[in-house]
Amino acid sequence: MSLTVRLRHAFGGFTLDVAFEAPAGITALFGRSGSGKTTIVNAVAGLMRPDEGRIVAGDTVLLDTAAGRFVPPHRRRVGYVFQEGRLFPHLSVRQNLLFGAFFAPRGAPREDLGRVVDLLGIAHLLGRRPGMLSGGEKSRVAIGRALLAAPRLLLMDEPLAALDEARKAEIIPYLERLRDETEVPILYVSHSLPEVARLATSLVAIDAGRVVRAGSTTTVLADPAAVPVLGHREAGAILTARVVRHHADGLTELAASAGPIYLPTVDAPLGATVRVRIEAHDVIIAREPPSAISALNVLPVMVTEIAEGSGPGAAVGLQAGEDRLLARITRRSVGTLGLAPGVACYAILKSTSVARRDVGAGDRAV
Amino acid sequence: DEVVVFAAASLKNALEDVADAWHEETGGTATISFAGSSALARQIQAGAPADVFISANVGWMDTLEEDDLIIADTRRDVLANSIVLIAADPDAAPVTLEPGVDIAGLLDGGRLAMALVDAVPAGIYGKAALTSLGVWDDVAPQVAQADNVRAALALVARGEAPYGIVYATDAAAEPAVKVVATFPADTHPPIIYPAALTTGTDDPDAADFLDFMSSPAAAPLFERQGFKVIE
Amino acid sequence: MSVLTPEAWQAVALSLRVSVWATLVSLPVAILVALLLARGHFWGKSLLNGLVHLPLILPPVVTGYMLLILFGRRGPIGSVLAEVGIVFAFNWTGAALAAGVMAFPLMVRAIRLSIEAVDPRLEEAAGTLGASRIATFAVVTLPLIVPGILAGAILAFAKAMGEFGATITFVSNIPGRTQTLPSAIYAFLQVPGEEGAALSLVAVSVAISMGALIASEILAARIARRIGR
Amino acid sequence: MSVLTPEAWQAVALSLRVSVWATLVSLPVAILVALLLARGHFWGKSLLNGLVHLPLILPPVVTGYMLLILFGRRGPIGSVLAEVGIVFAFNWTGAALAAGVMAFPLMVRAIRLSIEAVDPRLEEAAGTLGASRIATFAVVTLPLIVPGILAGAILAFAKAMGEFGATITFVSNIPGRTQTLPSAIYAFLQVPGEEGAALSLVAVSVAISMGALIASEILAARIARRIGR
Amino acid sequence: MSLTVRLRHAFGGFTLDVAFEAPAGITALFGRSGSGKTTIVNAVAGLMRPDEGRIVAGDTVLLDTAAGRFVPPHRRRVGYVFQEGRLFPHLSVRQNLLFGAFFAPRGAPREDLGRVVDLLGIAHLLGRRPGMLSGGEKSRVAIGRALLAAPRLLLMDEPLAALDEARKAEIIPYLERLRDETEVPILYVSHSLPEVARLATSLVAIDAGRVVRAGSTTTVLADPAAVPVLGHREAGAILTARVVRHHADGLTELAASAGPIYLPTVDAPLGATVRVRIEAHDVIIAREPPSAISALNVLPVMVTEIAEGSGPGAAVGLQAGEDRLLARITRRSVGTLGLAPGVACYAILKSTSVARRDVGAGDRAV
């Protein structure tokens, strides 16, 4: 199932005017504070009636202002994780979690309460009321509530913002499974590019109410020209690789199209395909193969393009076998190394610089 | 300068006419506060600035006299009234009120509307009359007691109750009811409106108003509203 | 407190019955009206609001007359209801109707204020989770306004215990049938020297209402704690 | 509507004056009491709460008598106040006192409900920003409960416009001095043939209160929009 | 001014029992969701009365349960950025911002409204009410409100969680200046170790209501044994360096005690001392000086200690001149390179892997 969104709406000084397609899987809405992400999500949920627009989920028209069609929120069956919680204060955590399930149609595919509760680490909170929870506990319950509503469409507005890295690392694989094993499209608002890169099938970058970049996550992230839009620090491409061996010292050997790479244990069976996000600033380029170095991964690559920004840095697109890599190096190094499109060189990646959260389960849509 | 008169509410129209006439004649102004006799009496007990009190029953006047709140030798009985049996049905047959009269049968399961039989003068008189006719015990369960005569009258006028007992003055003014009998005067204590000056009065006009009220000049004004004037 | 006469006890029992019924029966209607006034946008909303407040604005006697005219045996509504066996005239049900009508604006206002205090974003959240507007009301709004409902109910109960003017005008005072505590008290106050009897009844009335009041406060506090305030 | 007599206009003017004063003067007291009841924890809170509700529980006539006994010329409070020149007895101020007392529970309840609906976390936030409890009340709680205050005030005003029993019992029915609209209506209803006059007064009373009601609704809606609900 | 906190409090199943010292500057409270951070901050603000405890700010005792002393919140003059906003809905953004200033004592040193508003990018919102703001806009206003209250103590509970990287990058230098130029101690709750490392003078790591690690940020972060507590991904040490030259190609040359390093333009005058956080996973170790490589920074270092965890990684402590570095490499590399305490080698750092947000103004307390 996919989601088509076209909206135009004006608030006082702010105008939203967007159109995008969200295929099955996770579509990230990425953009600065106040750029209009929540407004889009609200419109999809039916909580906001835009001045003009059309929203279609699969073959159901949820909104069509031209045709005067507006499906009320409770018939849309979206699971919405609100940016600000909105837990029911008079219900226990358990009742909050089961709220949506109660209203879901009988046959709807349903998540198991126990599984979700364990995943979110909220088993000890089930009897409490939301007023007695910490900030992060509240947001975990809110995630659980949406997941358990048997939704046809998940809307998650910065669901992990209040959570610590360890907790995020537990929830993200679950969202990956959801992405890969169910048909439920997910609109995912986030400020965190690593999160987006890891999770999102496609990415819609919003700025001041307009779509400035949209497409499959791999394509957008590997595009040196997108670097300024997404933020320098966050740039990085995605490599697809197959699990070859789990070594005794805790490293997993993967076969990428450009050669073997070694990563800290990847939690995937032999033969599985995984997505590895390589942040652009983690890639070192060398003209000669380096020796006696702690970085285990050295891949032969070829420069495809170089995008120089206004600052001291440059984004270098690299072809690594069939995959693309992105390296962010200084303009000075571009000069001293004599890099130019077509030049063959080596990309050096540290094993440990690929954090676990940047290794995701393979995504069908890629 | 302004005479403040505390008067039973049922006197409203008549007394206002009297006050106007008095004003024409003497130039004095009477301001009249109409309310239930009990409320007015208690207010006088509490020091109300009333110069003249006109009660709808003797009891409250007696109480004030005992408390020395009225000037006893100015007390006089000004008006008399009678109570009547009224029917909602314009074609209702007249009733002869003799001992043992079958009022319960007349009601035929309906209600007899009266004012509060232990509290409001019209109700007290009605109860006394029915008792002396020997039918109170039969009728009592059928009685609907209103907080004042006008409300009892309304119950009959609206057809809620087939019969009721009210003052002749009220019945006369309500075309929607038919008077089917007048209670003989000997069946109940005399229905008398006593009036007196209060001890608190310092207004010389007050006595004048009281006298005017019980003078022949005022008589037609009361009679026009159906009251009997006591000479 | 002097020992009460059997008739006085009858009045106590009747007042209780009248007040409880007046409160319970008008409560759902009040909730509905409060909901309409708080969240509705419709033509005639001002009119409805005015109508609800009417018994407050009018002297009780006038309200009593109006009830008599509308709900009496011959009244346009009363005569229709009589056919299905509902009789208000000279009946304790009429006393309950009068008390209910007089208390209605108080109840509606309390509930309406509570509804207006509910965060509409919670109702939106319920909507996204599949709850229809009615279901949302039942499982989100209603539980959240329980303190307001309780406040409205206790106001109504207290008012019903004290209501006199409209009741006596509408259903008069028939001992054992329509003689409520206030009617009995009023009757005692009309005659010299009966203040003592009136006072005993006042004491009973106050005792009952205070009991109800304290119970409602305790309940409200418990609920508020549950809601997490 | 038939043309009103000068006396009737007097009653209209007096009722307006009485109701406005009753509302305005009792408002600050009601806010204080509501605050105590909503947020206070003190011995005797139940008692205060009961006392506030008393005028609702008691038949109005009883309240009127109590006022007469306490605030009359010879009453324990009335005689003391008289020495400093405040006279309630048989004065329009007494009518305002009666109306205020009768309306007080309604006002307190509305305001209290609003206070209870204010998120205490906002008050905490004000505290951390240096606002004392009083300042917090003035700049955070009070503005947030304006809708409740307005609701309480309009309830009180409407009730004051309709109050009869306690008023006539306390300050009697002296034209131009203590004769309010409801008392005048009552007087007209006591004599035959004056229903028309009574009805005109009822119409005036309803018109005034409805006007106030609609104005308050519009104001409340505007305020609610400002508060961002 | 410094802050001393000692608290013991029990909620149903959770017990808080902490004691720590927060010197002038920023003290980070770091810990997982539900570990008790907000509870501590609330106690300092006076919004929660702990079962037992003592809180002293400078020479003012704010709380002493033993002595029965409790200073009410409004006399504490803390500026509290709440985890959940708590803006006044009936006031405009401007009024919200000026709320605290209104109640501040006359002579209190005051921030300038215009400056704070510009910093937070909320000038266009001043006339709005909070109900009409986006999530991130709300949290910016909340930050502004606390800053403008002329507080003697700032409490910030995940103030930047709802903000995008670009906005964070604008606010962080401001907080640094606050840290360095004023006496106001700041308690700063955060899940983000880069943020903490950059900002915090000292760090208090909380777990399940207990302090598990506390001390100056540099010490705690350079301690290989602290790596598991803080999270692998987030480990990294802090290097202090002096600005030597701004090169024409946008690079700034810094003098660290171990040698020159080149970073993308550092916004500090010549001669200024800056803190540079070097994430452990960004450090590559080589036994020989590498050549023809895009990484510009190669520092001679010596291994001081090696902490091997349960996984495939190892944290290697390095002495770089007078500074300490932390490198996270694979255990396999430790073996192949023959690393051991005392071994001399080279640390390779990419210029671009040191993101701007990891370069902070020098902190007096370091």
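Lettered A, B, C, D and E in written order, each chain numbered from 1.
Convention: a residue touches a chain if its C-beta (ideal position, glycine included) is under 8 Å from a C-beta of that chain, and two chains touch if they have at least 3 such contacts.
What you see is a predicted model, and the numbers here were worked out from it, not measured in a lab.
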Any chain in contact with subunit A as well as subunit E: none
Topological distance between subunit B and subunit E, in contact steps: 2
Minimum number of chain-to-chain touching steps separating subunit D from subunit E: 1
Taking each chain's C-alpha mean as its centre, the one farthest from subunit D: A
Whole-Å gap between the CA centroids of subunit C and subunit E: 60
Between subunit B and subunit C, centroid-to-centroid distance (C-alpha), Å: 35
Sequence positions of subunit D contacting 2 or more other chains: 61, 65, 186, 189, 229
Shared-contact residues (touching 2 or more other chains) in subunit E: 84, 132
Per-residue overlap in subunit B, given as positions that touch at least 2 other chains: none
Which pairs of chains touch, using the document's own definition: A-C, A-E, B-C, B-D, C-D, D-E
Of all residues in subunit E, those that touch subunit A in their complex: 11-13, 31-34, 38-39, 83-85, 124, 128, 132, 134-137, 140, 157-158, 161-167, 191, 193, 231-234, 247, 249-251, 262, 264-265, 280-282, 284-288, 290-296, 311-313, 327-333, 337, 348, 350-353, 355-357
Residues of subunit B defined as touching subunit C within the complex: 36, 38, 41, 59-60, 62-63, 111, 113, 116, 118-120, 143-147, 151-152, 154-155, 158-161
Contacting residues of subunit C [partner subunit A, same complex]: 121-122, 124-133, 135-136, 139-140, 143-144, 226-229
Subunit B-touching residues of subunit C, taken from the complex the two chains share: 61, 64-65, 68-69, 72-75, 89-90, 164-165, 168-169, 171-174, 178, 183, 186-193
Contacting residues of subunit B [partner subunit D, same complex]: 4, 6, 9-13, 31-35, 39-40, 42-43, 46-49, 148, 150, 153, 169-170, 172-174, 225
